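Next come two complexes, and both contain subunit A; in the first it sits with subunit B, in the second with subunit C.
This part shows the complex of A and B:
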């Protein structure tokens, strides 16, 4: 039986060049569907990766109780000292806690791509910020100096926004800030930000309140101890979150939206591609009806015929899937895009076409092909031999 | 000779839209083993329908069809396919060769349904092509063959598994006179020297003259010359 199946399938595939035009309908339809699906999922994966890359399990972020983002949080100066001194916080060589009390503000900058203004996070950080986040390192220029209106800018922000290259001047709060350095943090969310000295930022915005405190813990296991120390302190009303949980929460909404988009848009396109495949395969079966009927007359059973039609649909879908996945990888992988993050500021992230997404795209293609090939294959098997021979 | 084909009180009805059309009306006939029978009759007389019943491509609406000792009217489509592979070789008017396969691969097709190994299949294919005089065209594809050559390949394909019966539907309908005569001589030789039972549908009296017996059908009934009607 296997030999029959192989012979009929091979015969069918060898006749494909005679049906090249209609076969392209399947390949192109599925390629476009897979390319769109994979690129939307790549956005989701890229955003998830960016926010996940920002977080470490041995870091904790402290916000005012009930706040779900830094922008809506306030923490007094005296509370920041208590938060940074609590049990479980790692300390540097000089015995100082590795922690940074920070404030964020929104600055409008023109996007390079469209020229329209978009919100960018300006983050004021404490002196321990770079010990706290060792993944941040200068790649050009120099570090900002305290008490001066100087900024360093993340590499992603430099790519996306105008006027933030080293030597550039940014005007906000009636003052002029100079960009003195560019930093890299492995493509995480901080790379979309402008970073300056916390005291200078607070003074420019005439504020005296911080918005978050991020601390390095002695270890990831020290989190519960640290959280207990803060939440049992009656002078504090704060939420203590592992950084990983905080950023996962920040990305949840967008991930949901992108996931829905992928399924909705991809689903619609998949249905269209499936009908294209159905149509093409019905046409292929019709074009081969005399051949199929002859094989059946000779004595071939229905199974090899079903498998041959099914295999053709699957092969064409696989080609389409591979082409779509390759196109998504070639044209979208690593492309930087920006979206509104939890602080109502732009987060720049890169589309990430991962091997898992490529496999997922190809799996979709195979499903489309299988569904598109199934009914024509059954029709081919049920074709009345005598009638098909007469028609052929 | 015992009857290899036996039809008793066979009725075949087709449904066209809401109408039922009875194509064969209570037809009975017997064809002895080793006979060469030509089925003639006007268009719509039921020749091809009768041939399809004898070849196991279709089942009667009513009546018994026994071929090579098997009651075909009792077999399901899967069983019929297996039966056809064992007992029938088909020759069609338009050859029905697989255009993407060479002559030898076309001839090999029925052998894929047997338990022969590759070497045995190759041997049988070569023998079948030699019988039809086309050993030198084994590697050619159908598009590279003349009509007569293509029909010879089709006959080789029909013969290669050594079937009990050859069923030919207008085998010379697409050929010029000289080529048609060559094909008919070949069929006659297969009948006379190899003892193959042949049932052939034809419109052509000259083609029918090559047969040992001629059956005339009209409006779904045998009208004259039938052999040993039951």
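This part shows the complex of A and C:
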């Protein structure tokens, strides 16, 4: 039996080149579907990766109670001291808490690609910020000096926005800021930001309120103790979040949207591609009707015929799926895209076509192919032998 | 028209194949309809922002509020008919999913600047009489089933009250309408009173937020915008003035390069479609070559055959296309009831025209090669089935 199956299937696949004119419809239809699906999901994966990369389990962020993002939060100067001195915060060699009280402000800068204004985060950070975030390091230029209107700029921001390369001048409020350095932080969300000294930023924007405090904990387990210390303090009304939770929460909405888009658009295209596959496979069965009838007449059973049709559909859709996934990977992997983050500012991230996504795309292709091959295969098996022989 | 029966019959020659092709066309046009409508929404094609209104914001960003002291200078600019200011309130009604914008503003100024929005006189008086009073657009009121007299609790994500509490409550005293359909783009917003808001908020007091300028002559928008910005150049409060449409578009653009993504998807869908339908049509013609030869033998002209095949392909594409578009309209109705994050979107005339044009183009593109082939058919070869 297995021999029969193998023989008929191989014979069929060898005759495939004769039907190329119609078979490539399956390949291309599925390739386009898979390419669209994989690239939308790659956007999702990239965004998630960027935000997840920003977070560390042993860091916590403190916001005013009820604020869902730094932009809408405010924390007074006295409170920042209490928050940084609480139990559970790691301390540096000089005994200072490794923590940074920060403020963010939105600055409108033109996008390089379109020239339209985009909101960019300007973050004022405390003196311990670089001990707090060791992943952040300068790749060019030098560090900003406190009390001077100097900024360092993330790599992604330099790539996306006009006028923020080293030596550039950015004018906002009644002040002129100079970009003196460029930093890399492994492609995380901070890389889309401009960073300066907190006191200088506050004075330039004539503000006296901080917006968040980020602290390094003694260990990831110290979080509960730290949170308890802050939430039981009657002078404070704050939310304490693990950085991992905070950033995961930020990506949730876009994840949902992109997931929906992928399933919705991908689903429709898959349906279209499936009908295309059905048409093609019916045509293939019709073209082979004489051959199939002959096989049946000389004693082959229905199973090898079914398998051969099925195998043809699967092989073609696999080819299509692989081509589509490869195209998505070649053209889109690593492309920088920007979208709105939680602070109403741009977060730059890269499309990330992961192996899991490639596999998912090919799995979709196989499903389409299997469905598109099933009914034609059954028809081939049920074909009345005598009639088919006469027609051939 | 007399050939319609013939075209119809040939279309259904292979029923299963035609049904599958139609279904993939329906799926594609459903997608096209929805994506186009979404695109119209994001490019504000379906929102009417034609009123002669300018928005003046802080140059650094609209989130930095401008101080109230700029008001006399802006009001003095010739050509400016009325000036109002508004501060974004950022309130959440019961659940973050129920997002809608609220602004603190001055009723008297609001009425002069947004003159397309109609608020009944006695409701306007009530708004002026009570400090906690608020008004809402018709669309917003219908969305939550609000009636005049409703108490609306809002948790502001930005503004705590003096005592640090973020819960505010407003009394709905008025519901405003559009004077002409689509002329008041604000029917999804709620407006509260600035004086009450400013006194109650914990910080930021005395800041106006953004200024809204109504012009006498829309043609002078650009010149007036430049004049306003020039007044505050090199001051601590540099401004950026743009039309309301540009201001709103800037918001939408922030979400990312959506149109590019939408158009890439549309392109991919169309390419796939062209392929599938084209394949079906050429299959259908190839099978019928002997029949076509018979038609030619009994006297059908080359041109008639060409037209017949073309008509069949156009009919197929239009049927599938119309089916998909009708479904997309239905789907939008359903979506409008379910999703609340976006304003409702509709397929307007432009979407329909694009869809119709796509159907015709698609029909021609896939029909022409087989139609030409049918027209050029040599009777003898075809009857002998020599291809």
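Here is the rule we go by: the second predicted complex is superposed on the first by the 392 of 392 C-alpha atoms of A that agree within 3 Å, B and C clash if a C-alpha of one lies under 4 Å from a C-alpha of the other, contacts with A are read in each partner's own complex, and residues count from 1 in each chain.
Criterion: contacts are C-beta pairs under 8 Å (C-beta built on N, C-alpha and C of every residue); 3 or more make two chains touch, one makes a residue touch a chain.
Note that the structure is predicted; figures quoted are calculated from it, not measured.
By the document's definition of touching, of the two partners only subunit C reaches A:71; subunit B does not. In the superposition on chain A, A:370 makes contact with neither subunit B nor subunit C.
In the superposition on chain A, A:11 makes contact with subunit B only, not with subunit C. Once the two complexes are overlaid on the shared chain, A:386 sits against subunit B while remaining clear of subunit C. Comparing subunit B with subunit C, the partner in contact with more residues of subunit A is C. When the two complexes are overlaid on their common chain A, residue A:326 makes contact with neither subunit B nor subunit C. By the touch criterion stated above, A:81 is placed in contact with neither subunit B nor subunit C. In the overlay built on the shared chain, the residue A:294 is in contact with subunit B alone; subunit C does not reach it. In the superposition on chain A, contact of A:302 is made with subunit B only, not with subunit C. Using the contact criterion defined above for the overlaid structures, shared-chain residue A:22 touches subunit C, although it does not reach subunit B. Across the two superposed structures, the residue set of subunit A contacted by subunit B and also by subunit C is empty. Touching subunit B in their complex are the following residues of subunit A: 3-4, 7, 11, 14-15, 18, 290-291, 293-302, 384-386, 389-390, 392.
Looking at the complex, you find that subunit B touches subunit A at residues 48-49, 52, 55, 57-58, 77-78, 81-86, 88, 90, 92, 94, 96, 98-101, 109-110, 112-113, 157, 169. Residue ranges of subunit A in contact with subunit C, taken from their complex: 22, 25, 28-29, 32-33, 35-36, 64, 66-68, 71-72, 74, 105-108, 113-114, 116-119, 172-174, 205-206, 209, 237, 265, 268-269, 271-273, 275-276, 278-280, 282-283, 337-340, 344, 346. Per the touch definition, subunit C reaches subunit A in the complex via residues 16-17, 20-21, 23-24, 27-28, 30-31, 35, 59-64, 90, 96, 155, 157-158, 160, 164, 166, 203, 234-236, 238, 240, 250, 253-257, 264-265, 268-269, 271-273, 275-276, 279-280, 283.
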